[in-house]
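Note that the chains take the letters A, B and C in the order they are written out, and that residue 1 is the start of every chain.
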Amino acid sequence: MNEALFTANNVWMLVATVLVFVMHLGFSALEAGFVRRKNTVNILFKNAMIIAIGLLTYFTCGFNFMYPGAGGDAVTAILPGFLESSGLGLFVPEDPGITYADGAYAFWTDFIFQAMFAATAATIVSGAVAERIKLNSFLLFAAIFVAIFYPITGFWKWGGGWLDKAGFYDFAGSTLVHAMGGAAALAAVIVLGPRSGKYLRNGIKPIPGHSMPLAAIGVFLLWFGWFGFNGGSVLSADPVMVSLVFVTTSLAAAAGAVAAFFTAQFMFKTHDLSMVLNGILGGLVGITAGADLMSPLEAILIGAIAGVIIPLSVVFFDKTLKIDDPVGATSVHLVCGIWGTLAVGIFGSSAGLGQLWTQLYGTLSVCAFSFITAFGLMYLIKVTMGVRVTESEEERGLDLAEHDMHAYESASEESAYNMAVK
Amino acid sequence: MNEALFTANNVWMLVATVLVFVMHLGFSALEAGFVRRKNTVNILFKNAMIIAIGLLTYFTCGFNFMYPGAGGDAVTAILPGFLESSGLGLFVPEDPGITYADGAYAFWTDFIFQAMFAATAATIVSGAVAERIKLNSFLLFAAIFVAIFYPITGFWKWGGGWLDKAGFYDFAGSTLVHAMGGAAALAAVIVLGPRSGKYLRNGIKPIPGHSMPLAAIGVFLLWFGWFGFNGGSVLSADPVMVSLVFVTTSLAAAAGAVAAFFTAQFMFKTHDLSMVLNGILGGLVGITAGADLMSPLEAILIGAIAGVIIPLSVVFFDKTLKIDDPVGATSVHLVCGIWGTLAVGIFGSSAGLGQLWTQLYGTLSVCAFSFITAFGLMYLIKVTMGVRVTESEEERGLDLAEHDMHAYESASEESAYNMAVK
Amino acid sequence: MNEALFTANNVWMLVATVLVFVMHLGFSALEAGFVRRKNTVNILFKNAMIIAIGLLTYFTCGFNFMYPGAGGDAVTAILPGFLESSGLGLFVPEDPGITYADGAYAFWTDFIFQAMFAATAATIVSGAVAERIKLNSFLLFAAIFVAIFYPITGFWKWGGGWLDKAGFYDFAGSTLVHAMGGAAALAAVIVLGPRSGKYLRNGIKPIPGHSMPLAAIGVFLLWFGWFGFNGGSVLSADPVMVSLVFVTTSLAAAAGAVAAFFTAQFMFKTHDLSMVLNGILGGLVGITAGADLMSPLEAILIGAIAGVIIPLSVVFFDKTLKIDDPVGATSVHLVCGIWGTLAVGIFGSSAGLGQLWTQLYGTLSVCAFSFITAFGLMYLIKVTMGVRVTESEEERGLDLAEHDMHAYESASEESAYNMAVK
C-alpha cells in the first residue's frame, strides 16, 4: 500500500469515527424525546456523561482488554483479554506511526474509532432504565459495563477470541454492540422494575414521550451515524465494499420503516410514529451483522423483517412480559440484534445451516453473558447503594430530584417570571 | 486513474452521500418548525416515510429509468428512460466492481448518491401541502412522484436525454430537483386548497409556525447537507472544482441571508427570521445550477438576487395568488430554482444569449412537465381516495386525526398527569 | 506529492470545513437553549446572520488582511496585514489551481476553511451579550470584529506576524479564536451591563435557560464540529497527526465533562447539566492550542483542569465580578482559552519555561488587543446608535421587540387559536 492510498483509507476511518460520535447525540435526542418533560435533563445528563466515561475507560483499559494481542490458549480465548493485556493505561506501541504495509489506518485512528463504539452499548441501556434509575448508580453501572463487560465479548469475536475462531460472523456489531447492550438493558429493567404508574390494577397506562421532534431528530441522526458505524467497519475505504455497505444499510433502514408502517397500521389502526422510527432503527440493527455480505434485495428483506418484528416485540415486552422499557431498546437492539445475527446464516454469501448454528450459539452466548453480568452488577448496586429513586422523587421527576432544574421554561413560567420582574 | 486516487474520489462521494442524506433531517426540522404544534407528528411521519419510500422506489425502478444506458432516438430522448430500461429491480452490472479507468467512484456509490437526491424532490412537496393533506394520499403521491416523474426529467438532462443534447446546463439540480419539486408543490397546493382559517373574508390570517428553533436547525442542516449536494455533484474529489463549489455555495447562501434581511426589513419594517432562513435556502437553490461555473463574486450576486426574490415571492404567492404554502416551498424551490437556472445564461463561464434561451426553455419544460403530471396525479387521487382531511380533523390537528398522538407533552399535561397519578 | 495524496488531503480539509461550519449550528442551539423563551428568535437570528456576515466580510477583506503575503518589517508584523494586502475583494491568485508540490490543498479550500473559522469568534460574543443587545448594533459590531479585528491577531500568528516569529504556539486557536472571542465578549458585556432583574438589591437572581435539550444538542454538535476545527488544523490528512488530534481532542472533552461533574457536585451539591456541558466545551477549548503536541494522558490532564476551572470561573464572573454572561462564554472561551494556551508551555513536546513565557505574553497580548478594540468599538456604538434595547423591550423579550414574532406556539396559544377558528 502506498502513502496516498493509506491516507485515503485513514481519512474515511476518521470520517466514520466522527459519524459514530454523532450517534451519541442521536441516542440523546431519541431518549430525551421518549421520556417525560420532567426527566429530560436527567437523560441528557446521562448521555453526556456516558460518552465521556466511555472514552476515558476505553482508554484506561477497555481497548487493551479487547485487543490484547495474539493470545490463543483456552482461558484467554474465552475470558477477557485483560489476562494478557498490558494492564491499565492504554498500551501505545513504541511507534504509533504508520506502516503502510500493515493496515489501512494509523494506530490512533484504530483506538478512537473503537472507543466511539464502546460507549454505544452503555447508551442503549440508558434509554431502557430512564425515568426512575438513580443517576450515580447508573453511571457506576455504565462505567463498569463499558470498561469490562463490553470488551470481554468484544474480544470473543473482534479481538480474536473463541467466537472468532468458531467462525461466528458479526460485521459491525448486531450482536457485539446491539444485542449486548439490549440484553444488559433487559437485565437492568428487570432489577429496576417498571415506572410507577405504568402497570396499574386496571390496565397498562401508556406513558408517551414528551417531544416527538426530538425523537425523530434522534433517529435521523442515528441513521446518519450508522453510515460510519457500518461503513467504517469495513476498516478501510475499499470503494466497492464501503459503497455496498452504504446501500445495504440504507435499504434495510428504509424497508424497516415501511414494514413497521404497515404492521403498526394493521395492529393499531393508526399511523404510529414511534413504530416507524423504531422500525428504521430495527432495520439498521438488523443489517449490521451482515451489511457487507448481503445483496441489496437481501438487505431489504432483513430490514423488512426487522420492521415487522418491532411492533410485535414492543407489544410483547410491554403487555405480555410487563417489561417497562420507555424507548423500546430491548426490541430494537436485543431482538433485532439477534435477528440480524441469525440473518447472516440465512441470507447472503455466508448462508448455510452450519453458519446459522454458529450465529445462534454465538449471539446467545453474548446475550447470556451480558444479561447475567449486567443483572449481577445491577443487583449488587441495588443492595449496596440502591438503584431506584424514591417514589416521591420519581413523581416530581428526576430533573428536580437529581438536578434541581427544569428542562424547559414553560410559557406559564415565562409569564410568572415577567410578572415577578414587574 | 490509480487505485489511491479512485479511493479518494470515492471517499468524497460517500461523504457527499451522507451529507445529502442529512438534508432529509434538515427538511424534517424545517417543515416541522413551520407548522403548528398540532400537525408536527404528521410532518415528521411524512418525512421519515419519504426517505424510506424514495430509497426503495429508486432502487426498484427510478435509477433504471433515469440512467437507462445509451438510448438515442426521439422517443427515449424525451420519454422516460424506462422504455429501454432493464425494467423493475435495480439493474446491477455483472461486476459492480471498479474499473479505475472508467470513472471516479464505484457502482454502488453512484446508485446511493443518486438515490439520496431522488427523495429530495418529494420532500419539497411535503412542506407545501402540510397541515391538511391526507397521509396515505400524500404517501401514494410521493411514491409515484419519486418512482416515475422525477427520473423522467432527470433523464432528460442527467441521463443524457433531449435537454442534455440541447446544451441545457444544470450542475446539481436547480431545475431537476428544486424547480421540479417546487412546481409539483404548486400543483399540489392548487388541487388541495388553502388551510382552513387562512384566507378569511376580512383578510389573510398569518399562521406562524410552532417552533423557530426547529426551523433554524433545519436550515443550518440543509446548508450543511448542501456541501454534499453541490460538492458531490462534481462527481469526483477534484480539489479545485469541489473547493470552488464549496466557496460559491457558501457565499451564495450568505448573500441570500443578507439580501433577504434588508429586503424584509424594507418591506415589513422588522427583522423577519423566516425570511432570512428562506433567504439562505433561496441562495443555495439559486447557486445550485451553476455552482461550478461561477466566480465567488458572481455567486454572491446570484445569492443576493435570490435573497431579494424570497420576500417578494412569498408575499406574491401568499397575498396576490392566495396560494397557501406553509413553508414557502414554491418561492424557495420553484422561483429560486428557475432563477438559478437562468443565471447560468447570465453569469459565469457559460453566459450568453444562446445559453440563456436554452436555460429558459429547459427549466420551463421541466416545470411544466412536473406541474402537469403532479396536478394530474393529485387530481386523480382527489377524485378517488380524496386528498384532504375533513374540516374537523384539520381543526383538531393531523397528529390526533391521523396518528392519535401529541407531538409534545405540554406543561399542563405534565401537571394533570402528575395529579392523576396521585 | 502526487495527485492522489493531494486529493486525499484536500478531501479531508473539505470535510473539516463542513464540520467547522456545523459548529455555527452548535453555537446557535447552545445559545438558544441558554436564553429565555422570549429571546429565542433573536439569538437564532443573530447566529444565522453572523455566519453570513462572517463569510462575506472574510471574502471581502478578512482573508487578505490575515494572510497578506510575506511581509516582514516592524509595522506589518504587528499591525494588521492590510497595510500590504491586495485591498478590498479577495485576492485570487492568477491560477487558483493546484501545485502538488506546494501544499496539501487547493486555494479555495484554504479560503473556505479559514472563512468558517473567522465567524466563530463573533459567535462567541453573541451568547454573552444575549437578551439585551440591540440587533443592528450587534450585527455592526460583529461585522467589524470579523472583518478587521479577528484577522489582525490572526495575522500575528497564523499570517506570520510577530507572535509567530516569537515562537508563540497556537495550533488551532485556543487564543486566536477562543480567547480572542471571549475577551471581546467580556468587553461587550461590561459596556452593555447585566440583564435587568439579574443583580437585585437582595441578591443575585439565576435566570435559567429555556431549553436544555437545545443546549445539549448544541454542545454535542460543537464537539462534532471540533473534529474538523482541530483535525483540520493539521492542514493535511496526515494519518498519524490527524488521528492523534482526534484522540487528544476527544479525551480532553471527556475529561472536562467528568471533572466539571465532580467539581460542580462538590460546589453545588447537585448534578449540574450546564456545568457538565460547559466542562466539555472547556476541555475542547483547552486542548485546542496544543492538540497536536500532547500525549493522550496530557490531553486528559488539560481537559480535566479545564473542567475544574469552569464552575469556579462561572461563579467568579457571575457572583464576584457581577459579569452577566448568560451562556458562560467568558469562562469557556476566554479563561479556558488562556489555560489551553499556557498548557502548551507546561505539557507536551514543547513544554518549557521559555515557551510558557512566550505563551503567556502571546495570549495576553491577543486578549488585551481584543478587549480594548472590542470595548472601544462597543462604546462607540453605544454613544452613537445605542447598544441596549429599552427596559420595556427587554421585559417583553427581544423576539417581540425586534422581530415581532414568537419562537414557539404555546399550548395555550394553540387552544386559543382553535377556539378563535370556531
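The definition used in the following text is that a contact is a pair of C-beta atoms (placed from the backbone, for glycine too) under 8 Å apart; a residue touches a chain by one contact, two chains touch by 3 or more.
Here the structure is a predicted model, which is why all the values come from computation and not from measurement.
Asks: How many degrees of rotation carry the C-alpha atoms of chain A onto those of chain C, rounded to the nearest 5?
Replies: Rotation angle, to the nearest 5: 120 degrees.
Asks: Can we say the copies chain A and chain B touch using the same residue numbers, with more than half in common, or are the two sides different?
Replies: Chain A vs chain B: different; shared/all numbers falls short of half.
Asks: Rounded to a whole Å, what is the gap between the Cα centroids of chain A and chain B?
Replies: Taking the mean C-alpha position of each chain, the two centres sit 32 Å apart.
Asks: Find every residue in chain A that makes contact with two or more other chains and list them.
Replies: Answer for chain A, listing residues that touch two or more other chains: 4-5, 7-8, 11, 15, 211, 217, 408, 411.
Asks: Spell out the residues on chain B that touch chain C in their complex, using ranges where they run on.
Replies: 2, 4-5, 7-9, 11-12, 15, 19, 36-38, 196-197, 208-213, 216-217, 219-221, 223-224, 227-228, 231, 237-240, 242-244, 246-247, 250-251, 253-258, 261, 270-273, 276-277, 280, 296-297, 300, 395, 408, 410-413
Asks: Can you list the chain C residues touching chain B in their complex?
Replies: Of all residues in chain C, those touching chain B are 3-8, 10-11, 14-15, 17-18, 21-22, 24-25, 28-29, 32, 40-41, 44-45, 47-49, 51-56, 59, 89-90, 92, 96-98, 105-109, 111-112, 115, 135, 211, 214, 217, 402-409, 411, 414, 417-418, 421-422.
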